[in-house]
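Given below, in the form of structure tokens, are the structures.
Each of the next two complexes has chain A plus one other chain: chain B in the first, chain C in the second.
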Partner chain A sequence: MAGGSVIAEAEAQLRDGLESAAARVPGQLGRAGLVAVALGYVGAFLVLPLVVVFAMAFSQGLAAFLQAIQDPDAVAAIALTLTVAAIAVPLNLVFGVCAAWAITKYDFRGKGALITLIDLPFAVSPVISGLVFVLLFGANGWFGDWLAARDLKVVFAIPGILLATVFVTFPFVARELIPLMQAQGREAEETAISLGASGWQTFLYVTLPNVRLGLLYGVLLCNARAMGEFGAVSVVSGHIRGMTNTMPLHIEILYNEYDQVGAFATASLLALLALVTLVIKTMIERRDPAARAARRGAGH
Partner chain B sequence: MRRHLPLLLAALLATLGAGTAGAARVELLNASYDPTREFYVEFNRAFAAHWKASTGDEVRVRQSHGGSGKQARSVIDGLPADVVTLALAYDVDALRRNGGLVPANWQSRLPDNSAPYTSTIVFLVRKGNPKNIRDWSDLVRPGVQVITPNPKTSGGARWNYLAAWAWAIRQPQATPASAEAYLRRLFANVPVLDSGARGASVTFVERGIGDVLLAWENEALLARSALGAGRFDIVMPSLSILAEPSVAVVDKVVDRKGTRRVAEAYLRFLYSKQGQELAAKHHFRVRDPQVAARSRAEHPEVAMVTIDQAFGGWDKANAAHFADGGSFDRIYRR
Partner chain C sequence: MSRAAARRVLPGFGLTLGYTVLYLSLVVLIPLSATFLRSTELGLLRFWEVVTAPRVLASLQLSFGASLVAALVNAVFGFIVAWVLVRHEFPGRKLVDALVDLPFALPTAVAGIALTALYAPTGWLGTWLEPLGIKVAFTPLGIVVALAFIGLPFVVRTLQPVLAELDRELEHAAHGLGATGWDSFRLVVFPTLWPALLTGCALAFSRSVGEYGSVIFIAGNIPMVSEIAPLMIMTRLEQYEYAEATAIAVVMLLLSFGMMLGINALQLWAQRRQGAR
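And now, the complex of A and B:
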């Protein structure tokens, strides 16, 4: 996972490279060819699947689509997905900022281990991420008897889904911020502190403005994964209709019930939620010319 | 993270608790296997009406579906199912073997081996039967692709496997070795092994893979009527197996939740006229002779073995065929 600035840098280098390559290609042909390849690739691998989802969702008309997404089980799945994302994303936002701050602004023992551990959820298969919670909190798990005695449910209930989601989306914010904050160094913060700013003020007025776009990317990626996670959630869900099915699980169930319209209607909503987050990102970037310029300029 | 989690969990549990305490109705969870989805949607509604009429109480039955073995595993791991309605007795018995969630005599607590509806294993082929598949012997012809799920995880697949074995062992001069050789050839013709019966149906029906699907009769009839109108034919092999999906109240769960009475009534309702009619509507072979007579056209007579006669019960069948090192492991390690 590279930080936004790193991506921007790569983009800039690639652009420079392409421009000089294009300059060497005689005439407009090379440029047009490259553009065609890029557009064709994007069309085939990104746009077409998206179009298929929406086409299938509306294949039997708007009424069938509306009916499908108003089904009580579908509504419950949508609500659960949004709830889980609404809890998991802020949790990992707070953690990610704390971890990135601690790692980049302070020196302490075990820093390397912490960085490695943050990456753990990326390295582990989602099935395992789900299974560890069953092994911990399931009826035969380490804490199974303790929970049963208190009539608390974790796996096959919402807390388990939340735990699994928090686990798999753990690294996004921290991973986005760490390289960015490392690149920026500590001078600005140290100056602020020496001028008498408190820690909180330093964070709010010095650090945060410098990293806000990286933070935004991290939150968006975290949110997308939180809403879309399938594997880990599937293991801990128990698939109780109207209770513990998230949108991705509900989509699979409907597909397996030969309910194409229902499955794709829910899938199109999930895709739409992803598109909405992208639009929000673009809008924030537009409104934030300084940050945009900083991002563009990061590579130069 | 650590500091926030207990707080968060407490908040969540509190909201969940508040939600259930306010409502005056009972909730049951039925953990079932794949091909019963459509049936239980309708049955649950009928039972809620019946329960309301006879006791005045509201009951809502929630459903969870998946491969039969996987569902049993989830209940053992703590899925709070009041009742299980699984594909085979062996999976219900797993609840006894692992943690004693049901007592040893669970199968004799309800009539007919605790199997209120039955089915059998049939072949679903493409319209007009282009590969001319008539019986088990045709499944091992070269060039015939057979779709069946993984017997390690799917109850339906176990019935498929045992039906094939039962046929093979009844051929002239057959030995266990020749039956195993037959299944080895059969599985050499299986291009994909889905984890559940429904997954296999989707592979065959929607993805168009394979020439023949070994399926529950009810699943084959559903696929034929629901979306494959005019696209599929059902072929009855010369010999099949009586598939008895078993149901049971999960004692440990109902005693903790205090739902035993309604859970038991729920399962007994499966044996009622109305329950049997709904099961018949969803293509099961039912126990009630009058209801069964009405749907005879859908269920032709077929010679069937039973698990007890042909295999000496599930424990033996499982040890011989599906346990680690059983016949399926031997033939599938190519």
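And now, the complex of A and C:
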């Protein structure tokens, strides 16, 4: 009889197992379904646009691609884009560090308002960011006559492009640093000062090592936007080929002239920049999960 | 004085705050206030005429309407993407997680021509959609597609940390008490998540309203049908009608600032709610 009870037990176990497996199947199906929906959405909305840029860039072969990016106007556009980013990014880097230090290391009234004001450019449409400088420095702008009398050009020239770029990339570094430095607190710096370090030494040797990865990410995002800004720059540039065309504006012109290979070849360079930005960002987060946590806590 | 001084042990307060305020004023505050001042040149009546012109109203309606639809699309799919990234292990998860930030990093003009190439009638996706009678490129639907692209990371990145911190014990408890998966999601998970979901959608919405580069190529820019509000400013500028352009800009700025304040309040409230748990 003992054998019979073992069999009954096994049967019961089997039945239980089957039942719970049956219960799990819809759950697993649901899970696989959700993953499939997520992958489908990401695939259609993020992967395909990226792939199509490179596919179109190389659609007429490597030679056509190389010819497109070696075109004198393309080279001029690349040079201008690099120049503008090389000036705008350091300006906003210095500002971002100053603002983050002031906001996170001291208590003062109006701090919340200051943080909101720093975010302002994010709430402004790119087209308006350009318009603002046309109204100040354009032909009938506030400083238009003054500039004309001195034969200076801001709008439809490089200074205007620079101003618009500085405006749209203004919050990036500060936004990245403020939550990070807030999370670090002030004790380390206060100890350094009480041990006789100067303010500059404290920043360099105490604060900076703790926030350098977040700072790097802020600079990367700032740079990506500086090189890729379209709307604001479009308003102030005047679209003079080989002179005031940045890479995104060059793309627009070629695209509107139905030069697909030319437009997508230049676009592929910017897409490559975006990919490099994402790769470095992923590496930063792998090395420094705290940076990720602080940033996400800030809802960025 | 002693209390303030005690709190300011670290040097550089005057220098850093001074520079911050000066730079902020020069780059952002003064130029923006100039815009508001310039808009008064028109006079109230003309201002009203400009911003209530049918084409302008249609464009504002389109910008806000398409942004709302795109935000709702991302509310659903962004939620699923965030959920899957936090809760499920699958091949390529890390890659997908990294790719979510692509719209932050990819220049808008590049996104614009890429989406147009995909959804144009001869494009990779357009070829399939055309026989079904679905036209995306050069219609308001195309605008929604571009804005959904731009808005996705806002929703996912706002939801992810809240989802990750969600106490799984509560769900297990609900399960132990006999709740089905759907019940525990509806009654336990969702009430914790929806403030973050709302904040993410609001961030995506406010970015979408002013978006220009990614939309302009796919929109087709047909008057009264697919012209977005920033394009109306652009068109006025190209005709050297600066005052008119400024009037439209001021309306958009006021709406954007209002939304920004609303989002700030929303974030504070969501944080407090989360903290209270």
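Please note the rule applied: the second predicted complex is superposed on the first by the 230 of 300 C-alpha atoms of A that agree within 3 Å, B and C clash if a C-alpha of one lies under 4 Å from a C-alpha of the other, contacts with A are read in each partner's own complex, and residues count from 1 in each chain.
By definition in this document, contacts are C-beta pairs under 8 Å (C-beta built on N, C-alpha and C of every residue); 3 or more make two chains touch, one makes a residue touch a chain.
Treat the numbers as computed from the prediction; the structure is a model and nothing was measured.
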item	value
Which of chain B and chain C A:239 touches, first, second, both or neither	first
First (chain B), second (chain C), both or neither touched by A:34	second
Which of chain B and chain C A:264 touches, first, second, both or neither	second
Chain C versus chain B, contacts on chain A by residue	C
Which superposed partner A:128 touches (first chain B, second chain C, both, neither)	second
Which superposed partner A:108 touches (first chain B, second chain C, both, neither)	second
Contacts of A:95 with chain B and chain C, given as first, second, both or neither	both
Contacts of A:87 with chain B and chain C, given as first, second, both or neither	first
Touched partner set for A:146, first chain B, second chain C, both or neither	neither
On chain A, positions contacted by chain B and by chain C	95, 134, 138, 140, 163, 166, 255
For the chain A and chain C complex, residues of the former touching the latter	27, 30-31, 34-35, 37-39, 41-42, 44-50, 52-53, 56, 95, 98-99, 101-103, 105-108, 114, 116-128, 131-136, 138, 140, 142, 163, 166-167, 170, 186, 189-190, 193-194, 198-199, 202-203, 221, 224, 227-231, 234-235, 247-249, 251-252, 255, 260, 263-264, 267, 270-271, 273-275, 277-279, 281-282, 293, 296-297, 299-300
Touching residues on chain C, where the partner in the complex is chain A	7-13, 15-17, 19-21, 23-24, 27-29, 31-32, 34-35, 38, 77, 80-81, 83-85, 88, 90, 92, 94, 96, 98-115, 117-118, 123-125, 145, 148-149, 152, 157-158, 160-161, 181, 199, 203, 206-207, 209-213, 217, 229-231, 233-234, 237, 242, 245-246, 249, 252-253, 256-257, 259-261, 264, 267
Contacting residues of chain A [partner chain B, same complex]	87, 91, 94-95, 134, 137-141, 144, 148, 151-159, 162-163, 166, 238-243, 253, 255-258
Chain A partner contacts - residues on chain B that touch it in the complex	1, 4-5, 8-9, 12-13, 16, 29, 34, 37-38, 62-66, 74, 76-80, 98-99, 198-199, 202, 205-206, 226-227, 256
